[in-house]
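Chain IDs A, B, C and D follow the sequence of writing; residue 1 opens each chain.
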């Protein structure tokens, strides 16, 4: 029997790795992948708890997370394409006009 | 026993893939390692008895979302990532905060967790299609519909964003 | 000999058997294709090697193996190697979910004619979400092509794979939606369940209530397998050979086999979902020994028909233009599929059998 | 409760008319507009009449007919409903309002025919009808207040109808503001009621007021409420000291002056006091105040009326003084008399205004009586009806005004415990003055040689836009005049006192109106305030004698008032017909007084110095504007803005625009939150 905490720790680690990706990667696409990674970590938590508590509703929430992730991927990648068209770079350090 | 072994294998795959995602300098490698993560997550879902979620995980994430990523990488012909360091905050604030975060979460988890293990045998699937469908289309009907609207908006947004200007 | 070992043994035997049969079938499908297309174009097709050119596939295989394996300098080595394997694996793996018939019994141990069939007394136990897994594996097939095109660092390949992946993503939607009607009727994702629910003669097959769904499925399946009339990715007139321009010898052969394997998968699924799988057109009136064999025969026969249809279409239809292709997928097939779902579910909901 | 009366339609029909005309009238032709307006008003009148018939057959148990249609405000324990409350009082009111209102609508069709903003005028007029009827039919003070404010709005809009004229716009503003002051009192009165009873519904309030003890705290409460309501009534009904808006209100078109500022709206105050008789009758002090104020106003306004030369102003002041009479009646707890006078006054004052309008119309907008004269040949019909009106208001026997006014005077004298001979005396004096200035108007307008300026008489052109020569009004204007004239003759026969019952025709027997109104307003004050009569035979006998004596006395007083009217007439005849040079002489003799009176005792200027100027200069300009607004608020705003700017100038560097930096901060925040949660977990 695998203790629940294993799954939770695993998802925590994955989540933190996602955050780390967001922090240290420069390529906007990779950063985007890190976000997906975090979402997956959260999903894992959901599923683990649903198995632990025998509550299916958690898995339903997983679906909603997936839906949001898919929508986000579609829109986000479209934005990335637009950015790339306008300034020929994917480096977020070079995309910093949003300031005073 | 077998459960534990499988868990270790795929947990390791997950972490390895995630680390590789960060280590690789080329986005396409990162993408592939992310696919690995997702695949092994799907297996973990199976271990947790959520077969439907597992299938959807493969179809949606591995089969659609990541394909989209790869497709965009190919489309933009993204190359190796440059070494630029415009953000000191990310390094001097973010990284320590991140480490603290990880430490805190793991500490909190290990200190107060339900001692009971996941009471599921391999091949015992509680997350079948029918019960989930009942939940999704009865109890959670409104959120479901709302997400459908969300998807629609996302589609339109993507089309609008990605189309070239009138030139 | 305990259960687990028996299970493994059976699984091993079945896998080997099925893969062998499948590969052979693929090989001879190429021959069939060349023959049939040849006849359609008033040619003979291959005749030299062996009687009626029956050994032609063998010769091809040997040739593939003996050819030099060229790897052009600027490719992304790892992915260049990974891509064809991915393609072939996904192509072959999907067959493992397909049930070919009811269970057989050997030495009191009975198993179902299906690689992933579990060891059980009643033949109805099956992976509850077989179809979903099948779709999942199919959806993974894209990577092979996409990576191939990208890794081989050549314009033709890149364009080809871009087209391919776009096309496959687009048609996956209508593919997935087209089978929902059947799922509603059968009320299960288990392929075996679906087949059982249309047992009892040709009139119970889902092709009749789901005629529209069937045609949507067929069309988008053709697009999924990049076959004519949707073989834009390897349109030799525009981009030399599409995503596998840079590939040669065995790597190329892998793509080749993957494509045919996918054809078989599509044929199997179509048979299972719409044509009652292994059940004959008329409920059994045959002697028991035949009862044992007939299902396999029927299944093979139906698959053959589909393969033939593939070839026939290839011999007949011209190729789409790319924008037409996309427009067709998004503006015609997808709405039709959705409409099909709505109508079906409405009927099922409001029609007391 | 019988639900077959659809009273809600009575107000809503004019509202519908107002909406249609107001929204689409611009596109309609005048014909359509007037059709809509007239139709809605006529329907409303018809419905009122029908209601009256139903009312006659209604069992006494159903009266007052009270019905709530829908909840309006539900706040905690307080609830107000949209409801109607129909009893004899409101029945008379709706009949008067819709009837006179309809006639004046008809008249306006002719009078306004050549004005701009035709649709606007009728839309406002219908709006006024709606609010007035709401006021009258309301089942609670709150809903009444809605109508109360609504008529104020309508009158504001109509006074300022010629908004391009400064004087008109200012008059509108003045009316509105002065009314505000009155409404303020009304509001506080209502607050008191809510605070005491938790509701404003008539049923509840009146029934509970009726059995409140008459001494101690509750008496003070009743007096306070009554006085505050009185303040409101003063504002609306132009009593001292808030009458100043009414004369200026004559800036509006003449039909408006007739309908709103003579016949209906200004009587709202009287109606309100009568409606609240339960409260007033139990607050003797307040009643006395009402009586005194009313009488003072009557006299005061009458004196001003003597010295005015603008025909409409004369009528305006006469309106004020007549309203004073009504308040006097209320003040002696003779509410039915007040309502009676209200009704007759509505008839003859509307008549007078409209015929004055007809005169003005004939003279193409000339309003100064010094430029009139000798018109009786030129506009005979107007002359005829005007004559009826004048005699009616002057209190000539057999005409409406006579009965109602004498009724009031008699009550003022005779009502036990409230009545007093001094009240009567001033009243009669006022009656004489009234007769004087009305006949003065009559003579100056219709007799003597024409003083009409050439430009008007011959070939002038005027804002009415048609040929200037003096001309009789069209029939659409004359017809209502004739009807009103008839009404102001027979209207009085509703309330013929017993002593004259033999001598004059009556409708429904002597004192019909009083008997009719008795259930609603209480016939005689005995019922509340006085010890019951003795029963013994002797007592009866003495009562007989008292009866005799009373009748003699009443006869005498009536004679006296007639005499007063006659004197007034003769005086006017002497000054403005026989010896037209006399007025100048007299005025030059008593020049100071005369000028004072002519300038309306300079009350407006007085108010201007007392209230308006200090208010505008000190409070508004210095305090509100310079100190509070500029000094406090603006500085606060500016400092806040400056501070924010400074703060952001320091902190803006955090906003590097680099996503990863933001991510860093977010991570920090997340770490903090998780740390907090873990810490909480360890507690």
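Descriptive notes on the structure:
Note that in this section a residue touches a chain if its C-beta (ideal position, glycine included) is under 8 Å from a C-beta of that chain, and two chains touch if they have at least 3 such contacts.
Note that the structure is predicted; figures quoted are calculated from it, not measured.
Any chain bridging chain B and chain C, meaning touching each of them, is missing here; the list is empty. Taking A-B and B-D together, the chain pair joined by more C-beta contacts is A-B. A straight line joining the Cα centres of chain C and chain D is 93 Å long. Averaged Cα coordinates give chain A a centre that lies 33 Å from the centre of chain C. Averaged C-alpha coordinates put the centre of chain A at 6 Å from the centre of chain B. Rounded to whole angstrom, the centroid-to-centroid distance between chain B and chain D, based on C-alpha atoms, equals 78 Å. In chain B, the residues touching two or more other chains are 52, 56, 64, 68, 73, 75, 86-87, 90-91, 94-95, 98, 101, 105. Among the residues of chain A, those in touch with two or more other chains are 19, 23-24, 26, 93, 96.
Residue numbers of chain D whose C-beta contacts span two or more other chains: 656, 658, 660, 663-664, 667, 670. Listed by chain label, the pairs that touch are A-B, A-D, B-C, B-D.
Listing the residues of chain B that touch chain C in their complex gives 28, 32, 35, 51-52, 55-56, 58-59, 62-64, 67-68, 70-71, 73-75, 125, 128-129. Touching chain B in their complex are the following residues of chain C: 76, 79, 128-129, 132-133, 135-136, 139-140, 142-143, 146-147, 149-150, 158, 161-162, 165-166, 169, 172, 176, 189.
Across the complex, chain B is touched by residues 656, 658, 660-661, 663-665, 667-668, 670-671, 674-675, 677-678, 681 of chain D. Residues 19, 22-24, 26, 31, 92-93, 95-100 of chain A are the ones touching chain D in the complex.
Those residues of chain A that touch chain B in the complex are listed here as 1-10, 12-21, 23-27, 29-30, 32-34, 36-37, 40, 43-44, 47-48, 50-52, 54, 56-57, 59-60, 62-64, 66-75, 77-82, 84-85, 90-91, 93-94, 96.
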